[in-house]
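Order of writing sets the chain letters: A, B, C, D and E. Residues in each chain are counted from 1.
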Amino acid sequence: MVSLNKITKKGKAMYLAYDQGLEHGPIEFNDKNVDPKYIIEIAKKGKYSGVIFQKGVAEKYNAEIKKSKVPLIIKLNGKTSLYKGEPMSEQLCTVKEAIKLGAKAVGYTIYLGSQHEWKMMGEFENILREAHEKNIPVILWAYPRGRSIEGKSEIELMNYSARTALEIGADMVKLHFKGELKDLKWAVKSAGKTKLVVAGGAKTNEEEFLSQIKEIMSSGAIGIAIGRNIWQHEKPLEISKKVREIVFR
Amino acid sequence: MVSLNKITKKGKAMYLAYDQGLEHGPIEFNDKNVDPKYIIEIAKKGKYSGVIFQKGVAEKYNAEIKKSKVPLIIKLNGKTSLYKGEPMSEQLCTVKEAIKLGAKAVGYTIYLGSQHEWKMMGEFENILREAHEKNIPVILWAYPRGRSIEGKSEIELMNYSARTALEIGADMVKLHFKGELKDLKWAVKSAGKTKLVVAGGAKTNEEEFLSQIKEIMSSGAIGIAIGRNIWQHEKPLEISKKVREIVFR
Amino acid sequence: MVSLNKITKKGKAMYLAYDQGLEHGPIEFNDKNVDPKYIIEIAKKGKYSGVIFQKGVAEKYNAEIKKSKVPLIIKLNGKTSLYKGEPMSEQLCTVKEAIKLGAKAVGYTIYLGSQHEWKMMGEFENILREAHEKNIPVILWAYPRGRSIEGKSEIELMNYSARTALEIGADMVKLHFKGELKDLKWAVKSAGKTKLVVAGGAKTNEEEFLSQIKEIMSSGAIGIAIGRNIWQHEKPLEISKKVREIVFR
Amino acid sequence: MVSLNKITKKGKAMYLAYDQGLEHGPIEFNDKNVDPKYIIEIAKKGKYSGVIFQKGVAEKYNAEIKKSKVPLIIKLNGKTSLYKGEPMSEQLCTVKEAIKLGAKAVGYTIYLGSQHEWKMMGEFENILREAHEKNIPVILWAYPRGRSIEGKSEIELMNYSARTALEIGADMVKLHFKGELKDLKWAVKSAGKTKLVVAGGAKTNEEEFLSQIKEIMSSGAIGIAIGRNIWQHEKPLEISKKVREIVFR
Amino acid sequence: MVSLNKITKKGKAMYLAYDQGLEHGPIEFNDKNVDPKYIIEIAKKGKYSGVIFQKGVAEKYNAEIKKSKVPLIIKLNGKTSLYKGEPMSEQLCTVKEAIKLGAKAVGYTIYLGSQHEWKMMGEFENILREAHEKNIPVILWAYPRGRSIEGKSEIELMNYSARTALEIGADMVKLHFKGELKDLKWAVKSAGKTKLVVAGGAKTNEEEFLSQIKEIMSSGAIGIAIGRNIWQHEKPLEISKKVREIVFR
């Protein structure tokens, strides 16, 4: 089995996600955090277990990333949020390129339930094959999306996401936490030997944010992948420290 | 012709199917059977002729599977049940990978009658070609599905499934038994030299379950592929023993 | 030009078609003719110029076919009749595989007028290229089908089918005879150097069946490809003999 | 730049087109002109700069074509007229095959404005690349077609066709002449270094036909590609001679 | 990182775009500017940092281009404006071909928000990979288009375009300037290390045109890609000179 050592510390993980520029547009950014260098700085000083970039950022800011020594995780597929139909996220970077850019792990989104699910499933497997041959772990962004999932229980969708990651061979799954602690615990169980990290979301109240991380870390999940709650924060290093103390407690 | 020796005993077969995690989600599981190790244990102690996993499970639990010595059957394609349109199940594991993971046979689903039937037919044939070159038997999950089959006779669909398996070259066909014993006998005849195993289904009353297996084994079918009626059972080894005594009588 | 010698006698041909199991399902069969061995027996004793199987049957019954010495024609594509939309028939066997199985010719269906016509046209050409390199003749099943042909003259469609076969390079075309003798003669002319054989159909009255074959053989067509009128017949060898005497007169 | 010498005389061209069998069906033919040998005879005696066939005809009548010494132009893609939706014409012959059959140039249709325009554009470019490597000129059949062009000015469409041919790299463009002489002159200008030949059409009055050719030849177009007005003519050699005297005046 | 030296002077750029023949048709042209040689002349005498052509023009006028010494930028994909549905622009020239034709950079359009966005994204990445291996810069034409973007803020779309270019790895982005100077400044920031050039548009009033270029050059954008405002101008060299003085001030 592929080792997660390079992107975990004592089996725990705290990732700084910064692929929102492609997925949502620069509407999420301000004058500071629009700059990838600002993020690399936070990732470094905040002692993150990894920083998540698209290929373009990883390539153009490669010197800065390497200097920071923060483990690089490249998100291999992506799309803009502009198209309104059934979501499809295409591969934009090969495993080989990712390795050349210094990636310690790669990520890939599957929109479960989309009309294009099968295309992403197939592309994911090709990536998995190549990554495992090179000993690179693969993180699945497991996101149910599209017309077919309307009205479905969000808790069931979370659990289904976790299980799908195991079944299709992901080394780690990144998903949205819905429901209560017991539900997340069940998702962790469903994922079996596939490790689970919880994805962040829009910026929220700090207290609530930290309390949720505590809950997550008590569920058996190995960590979190957060973005806006950190780099939209006025004092990103302070909040990072608080998070870190929970995650690596 | 490819030999079925490694996945049959005296020409009969009893497979433990466990790909429901991807096809239905963990909603089928409880705290015990959510764990692939529990299933491997049943497969071993229940003396199954094979255990059916998706690649992810086969890879992450490979040590346990190998230790159990239960013949591994990898289901090469799969999909979630979330998408509501015409079903398409994409290849998620190559024959080469399956062999590397120790598989003694591979499986593939074709949703007959789906708008995407032709894609699955074509993918199946590529798999068949490679598998036969490596002397690995191929089991077709022949499942009529999609808008076009609404209102069709389930017995005719069963027979059509059996025959399709022969025509397109499957070594074994796994299908749902509909109708009476005479109908299943006709399906067996329709499948010719392609061996037929009956797929299980949702958990049912034990007596009915065992009585149906007797009927199946008297039809000329060589066995069964069962899942939920075993691993959702309170005493999976006891029920396995009862099934085994019928199948290998 | 590729020689038709191995699948004709004195320039005439009489083929026994048996791909209905995939195209229509076993609904066409009875206890006897459901068995490919029964068909091989008829083909042999009925002195057919060729017997037409899908790859699956050709592979599983290869010993019997070889022993019979009836020239084997493998139908390279196929589909079930379940899907109700625009027809698409995917390649299920390569030319290389067909040759390995002993095929003396290969067949391929194009559903002219289907939304997928172009895919089948393209696939046909790849097959033609490879087959001609290996000196294997290619028979086109030219079948107008799909929403677009509704209301079109069947005679014109027959003629268009014949001509298409010549234009795209088929060595032989198999089509349905519509209209009168003069119409079939025109189809033969339209096909130019591409040889024409008439496809059979549902079982009909014997007298009518034989009389139609006489008409066909007087049109310039080189023969017929028949199935149900033979193997659904109570005395297949008797009717085969009568047909043979007309075809090879 | 690829030389047009083999398919022009003194920079002028007069092609005999005969791909209507695939594009329209044999409905265009009579007992004489249904036979490709009749067309080869006209092309030879009529001293055409080239004769245009689909691969099937080029292959089956290759001996006759070679003997005639008329330069062979193979149309690389084609479709029947049966399908009613957005037109797509698939590649049916490779450049390599065309060369093997003795082709001095190849042709390809793009239905500009079709939903499938991009597929044909992409396929065209692959053909162009291979053809130019082998020093074979490529003629673009530039035909606006499909739902999107309804109501558009035919003159503008003609000009757009001419320009597209230049932009995407065709060595020659074959298009339908719409409007007046000044419009065709503008099309010739729009095509720049890409040579322009005018496509014929349904059989028309002879006087009108010849007068139009005079107009064409005065526009800067280098010639014409005609079919039905020749081989549907009672005296094809007489009319060919009249055309020839205009084109090569 | 790939150097932009060959297509910039002192870090600034002024490109003459001439791919409108394919994208809009010759409706944009007059008797002079319909001729690529006229454009090459302007590019040379106007001291442009690059001239943008489709492959066809680059190939047929290659001698003239080389003689002019204006850096050649080949636009690798394109489509006509005829099709009314979701836009898709297919690759028409490989990186290898572009290099052979002497290109110093290549361009590619992605219609962000189109149903086909993912296909263009994927094709773009393959181009980027090959180009970067050969040290050739890639310019992204980032154009939001299609049904999904109706009603969206044009300023946000501009910013999203800029950011997408960075995220997916373009070396330069060409986009339409919408809104005020502050908005363009934000787009420049969003693009990070990806350089931004502003695309021209339909011919406008000269004063307004020049004043807009001043604004653009004060935003941090490195330059402009203009076409119709130059080659539709009565005195293209005069206006080029005025532009040049602003851009390279």
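To be clear about the criterion, a residue touches a chain if its C-beta (ideal position, glycine included) is under 8 Å from a C-beta of that chain, and two chains touch if they have at least 3 such contacts.
Model, not experiment: these values are computed from the prediction.
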- Chain by chain, through touching neighbours only, how many steps does the shortest route from chain B to chain E take? 2
- Superimpose the Cα trace of chain B on the Cα trace of chain C, which carries the same sequence, then give the rotation angle to the nearest 5°. 70
- Task: Quick one: compare the interface residues of chain A with those of chain E and tell me same or different, with half as the dividing line.
- Result: different
- Task: Indicate the whole-number Å distance between the mean C-alpha point of chain A and the mean C-alpha point of chain C.
- Result: 55
- Task: Would you kindly tell me how far, in whole Å, the mean C-alpha position of chain E lies from that of chain D?
- Result: 34
- Any chance you could list the residues of chain E touching two or more other chains? none
- Note on the structure: The residues of chain A that touch chain B in their complex are 1, 112-115, 117-119, 121-122, 125, 129, 144, 146-149, 152, 156-157, 159-160, 162-170, 186, 189-190, 192-194
- Query: Which residues, counting only chain B, touch chain A once they are in their complex?
  - Reply: 19, 21-22, 25-27, 29, 31, 34-36, 54-57, 59-61, 78-80, 82-85, 88-94, 97
